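Dumping the structure here so I can ask a few things about it.
Just so it is clear, A, B, C, D, E and F label the chains in written order, and each chain counts residues from 1 on its own.
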């Protein structure tokens, strides 16, 4: 009887990311919060679903000819967040992010609703006063308040602007919002509606600057991403999004998140599969390779 | 062409409850809030689902030989509630309840998570200082705080006790909680675990006193009520619950609610059907008949 | 290469009922019609689902210590029925039933909505003027018309009464209807509400008389039968129904049907499994054994 | 306590269309009928689902830079229709349509199966003898009878031709039918198979003529519209359909319908979301703006 | 910034069972194998689903007035098992079990299909030649081969008998099998059909002997456990099973398993909730308490 | 009463393929095996689902202007295969295929997981030593072993190469695998990644040679084919695949299969609809027409 029990066991980390924290370049954590969701909640279950289903995705990308086994990524698990309390939730996310970046690692957050991005940005904006945000989304998320609440999935990008100021936010794929948001955006940020035109120009435009990437999965057409809280038809295809992300190679990415996956409303699992594959491609793009 | 358009149209009210507000004895309203739900959210969609599926339930009860057409009930629709803000939500519910009882009508609330009951109790406790609560539930809901939050589905009955004091709350069917809750309950209220024994004694015990009934549908076994946020096996059957409710005839009910139906997790629709039938039976028990 | 292709193939008949028509005692056929369903249609798919899932049910009954392999049953497949045309549908069912009984075989029909029973009864009433019906159901189905239509799932038992007259229909488990139906029933038939009391008396009461059994599966509680068009909580358990059916042994059954299974609303498949098991038990009770 | 109950309540109308009938330019009504559906019924629930889920769609269109708040649209609710009776159903729809157009308002119908279009066309063809129909669909719908029935979802466009005659019907996206239909169409109408080529020519071709638009949602590829009774792979994308509809600007539209949404077979809700968004875009295209 | 990242994170173990292996009395492991399942596979996902959903179950049992926090249980994760290879799978399970019992800990296995039990029994039978098995199931599982295969979910109890011999196996709740199995059982083991009569006699009968408990969840009625591969109507209620398990207190249990949960066919989650609650109750019954 | 029962009945064959075996050019059979599936099993139910849903697809193709009624195709039903035993399963498939081709008919297999292709290839490779394979797939399927098993859905194309040798396999649409597979493929076969470029060259390249076509449906994007075991985002659209298949006209196809449809994970049915339509188009392309 030579094998110890441990050797017989499957790992629980996402995409096999079992590098110990101390040796890691990148730290992944889940932020299971969806209390301000207005339509169908359930994004709180996204990181669990991705961890489970990622076991069936190859670690090798034929697109980039790179392998996740050559990256040093630590999956830290999911934060414990208080349902119904957005303020405390953001503080906890900020604290977790700060802990990660203090040790020189790149934070990768799996939402949760889009509001969680504000927690990460608070930590990063302190460290990188010149931070830019590349934002993929179907929705503007630029309201000052939503049903009276300042902290909401519908206000999150506006709240990021409060921290960063004009000309720092670059939004793509936007196809839903109120008129006031579209008008406001013209004076304060780059908002590219409907498709992903302009994404490929980012590396040249932002050369050297620290960039945070926030990927609201509903930028994808609901055909490719049915599992999201507020499906908005008319989005980009998976291939279009993948090509856009690949075109970002060379940017100085200091963190990113993938949010708004709601596995509860997609029994087929294709939405979770898409989220996992996008995570793999982003890690291979921006995590150092150790061949 | 003799018919006007209106005569060709189906009504939108629950169980055909289209008595105008001014002529009604009872006012039904939905409270679509589920932000503090810890497991599977979705109770926000309960009142909509009940309104839709109630169209296929008879208005006549062969159990009571009574007909809803002889009751004067107004379905007021759903409250607009701010997701993620429990405090404001409770204030709005309290205000709505107050408006209803000020005009001498009985409030009937369709949750939403169980926390919404606190809003109704706040209004009723002011008017009826001697209010009792009959509480059907799988869970104690007696914590002082839950993950640091005072306002939560897991604290709601304790918060009602804060308003009413000892010996006013009568809980039945309880089969889940932490030890501290069960111990605390012994000194402050009536808590009957596991089944509905003792329910039939209520009319004699509480004779004349104003009583609010809060029905957390997870008191039912998940076989009968799969569509709920936190299913807790080992509950009572539909027939047992129905008999227990019928045994309450004669109580001075001043309001009631039905909560924790989550239609998102029951595609079969049997949970919504059960909720609608219980609503019908309760209305027939406690709303005045106008034959 | 000795095996012919045919020997490698699985059969398509329900419960392995592959006795050729000419050698059979019993003929099963599907009647996939649901056009008058008022709530959730889908019973048209019942016989297909039962055929598929019956492959996983044993042919031996430990309850009766009998084996379907000892019965001579032919599964004839599904009738082609015109959707949206109840009158023609009933004529086709009547014709099929007549063809079966003319050759001395017992017809067994798999609905479809309950209206299909009228087609079978038309054929059988001609042959057996003294026919009785034993009727399991949640609903009275005794209206004269339903939304202006005489041919409807809600009128079917009343239309059978038109053919058979007073004291021939014995209904059990009824728990839904309008008051007029319950009142009417008192003068014209046996209607036992809520449970299955009285079923066991049938063999003594109806000794010798030809009896048709129509089993609307919604007599079962939705916990046991979520897959039905109009779930009505408060029904009997599977064990209770099974015992009631077993108590019918010795009756002169000349045909039966199982109806109102809607597999579209029960992804778990437990409703279809229940329907298949009830079919097996009824065949073993009423088809001749050839040991 | 200043707010009245009504002010606290959410509206029930689709897309916030709460203009009173008397002040409205456009009247929306549901036609919940699906009795002739041959595969998976459920379109009867479409208008309810659209009403519920439309609450989460913005009223502003960034595509057209217009806002529904500037339109005067009345949602009249759903017609009461007799299941299983196609003839009476069409009469009721015709009557409702006539009532609407007699007062100079534009009728907008939410199906239901495609047959319901015949009811609307009967009313409109009387008023506009020179009526044209623009028809988006996967299926020809040109049979004279279907399983012996003249009134069917598979015959509806042929029955419209009976009323209007040659060269009045313009079908796009067609990719399924029997050979006889395709052959027949060549002599009697414009039938453009597989895609939406030719749609953009309609405003020039039909300049001034009264046009009815009937949108069978299965013209969309099932990837974009899984929730339909008879999915037919190989359809157009949502973006392609949206562009085609936008190209119709300037037509003299006198009514339109959206049909064949079956929410029962799409738990993800993306089909309902697509239907709502198409409704918004069509209303913004063809309802007068009152800025 | 005082908290380390780890302190902010939620645990991944089932029911909070995070005692380190070295300090544990009990070791839980998953055996995600379902290759011989004949109907609906999916039990391979059971342990993952239980781990995820157990987070919402209280650790305290009001039935036993005991708390899991007082038990020392280690959740070791899931075994890596080769799909399609039953022989190798059983060897790995045997090896894992041996490793656990060699260090004096109690193995608790979460299936997987029922065949996995044979792996555990192989290890335990070597150590405890006088081992008894208490077996809850709807199915006999006593075939010598099934479709030609000796290693199958339908043969597992017979294969255990090969190792243990006559009068060691005690089966309860059995209601499905072929006649030969029921006949064979009479001479070789205790087989109690249909219900749980006789369970409460076990502690007296087996006093002192080492006992393994194997709980096939389909012993429950499908109303309580829709999420299983081969639902067999007519089973026991959750309350009946719970009472039977509680009556086993005092037995010398040396290991147990819970198997045949198929979360893929129960979107409502009630089956997984039942499995988790039964696991908690069994742990509280048979793991040492360290108050 | 003129009609015999048989004339009233619907056929059970897929796409109306009821030509008797002896008169047929093509024989379709199901191979319901999925024991080596690593993620979500369920492809065993594919042929049943296709048979059921194909009843709602037209037999006429407007793409090819051909009609299945002019083809002589026999649907032989489903093979009986031993779950959990890949070796025996392949032998049975090989035997069935041999039986079919010995009589000069074309075999068409409906999987099942992709491994089943190896059974067909074994039979065909004996008869056609110069056999080529055209392979549509998301995955390479080129491993030598997978989790230690040689016979697996992940090794099937490599095992075919063992039989056929270099330059005989032409794979299209591949977007997932391990690096070693992509490297190996360069020396031994044609592997075209990501899209379907090169398919249209096949008729010229392979002119005259016998060709087997194996269509793993996950070559389609999950938007078009959510119902598959291992969804891999980034695939081709249905239109692209259809065009590619049409471009194969003129090839000497000696057999084909369609595999990896998992209807259990697609409640919408669009995946099954796509599989049926592709089957129709392939039959019309490669079965002789008898006008």
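Here is the rule we use: a residue touches a chain if its C-beta (ideal position, glycine included) is under 8 Å from a C-beta of that chain, and two chains touch if they have at least 3 such contacts.
Only a predicted model underlies this, so the values are computations on that prediction, with no experimental measurement involved.
K.L.:
Which chains make contact with subunit E and with subunit F at once?
P.N.:
Per touch definition, common to subunit E and subunit F: A, C.
K.L.:
Both subunit A and subunit E are touched by which chains?
P.N.:
B, F
K.L.:
For the two copies subunit D and subunit C, is the contact made of the same residues on each side, with over half of the numbers shared, or of different residues?
P.N.:
same
K.L.:
Would you indicate which option in E-F, D-F or A-E repeats the interface seen between B-E, with over half of the contact pairs matching by residue number?
P.N.:
Repeated interface of B-E: D-F.
K.L.:
Comparing centres built from CA atoms, which chain ends up most distant from subunit A?
P.N.:
Centre of mass proxy via C-alpha means gives C as farthest from subunit A.
K.L.:
With chain centres taken as the means of their Cα atoms, state the distance from subunit A to subunit F in Å.
P.N.:
The mean C-alpha positions of subunit A and subunit F differ by 38 Å.
K.L.:
Suppose each chain is reduced to the average of its Cα coordinates; what separation in Å results between subunit C and subunit F?
P.N.:
39
K.L.:
Take the average of all CA coordinates in subunit A, do the same for subunit C, and state the distance between these two points in whole angstrom.
P.N.:
55
K.L.:
Note the residues in subunit E that touch 2 or more other chains, in rising order.
P.N.:
38, 40, 80, 221, 223, 226, 265, 267
K.L.:
Among the chains present, which pairs are found to touch?
P.N.:
Pairs satisfying the touch definition: A-B, A-D, A-E, A-F, B-C, B-D, B-E, C-D, C-E, C-F, D-F, E-F.
K.L.:
Across the complex, what residues on subunit D touch subunit C?
P.N.:
Residue positions touching the partner: 34-38, 40-42, 44, 80, 82-86, 88, 147-149, 151-152, 264.
K.L.:
Within their complex, state which residues of subunit A touch subunit D.
P.N.:
Those in contact with subunit D are residues 38-40, 174-179, 182, 193-194, 221-223, 226-227, 230-234, 265-267.
K.L.:
Considering the complex alone, what residue numbers of subunit A touch subunit E?
P.N.:
1, 3-6, 8-12, 21, 27, 29, 48, 52, 76-80, 92, 95-96, 98-100, 102, 267
K.L.:
Which bits of subunit C are touching subunit E when the two form their complex?
P.N.:
53, 56-58, 60, 62-63, 65, 67, 221, 223-224, 226, 237-239, 242, 267-270, 273-274, 277
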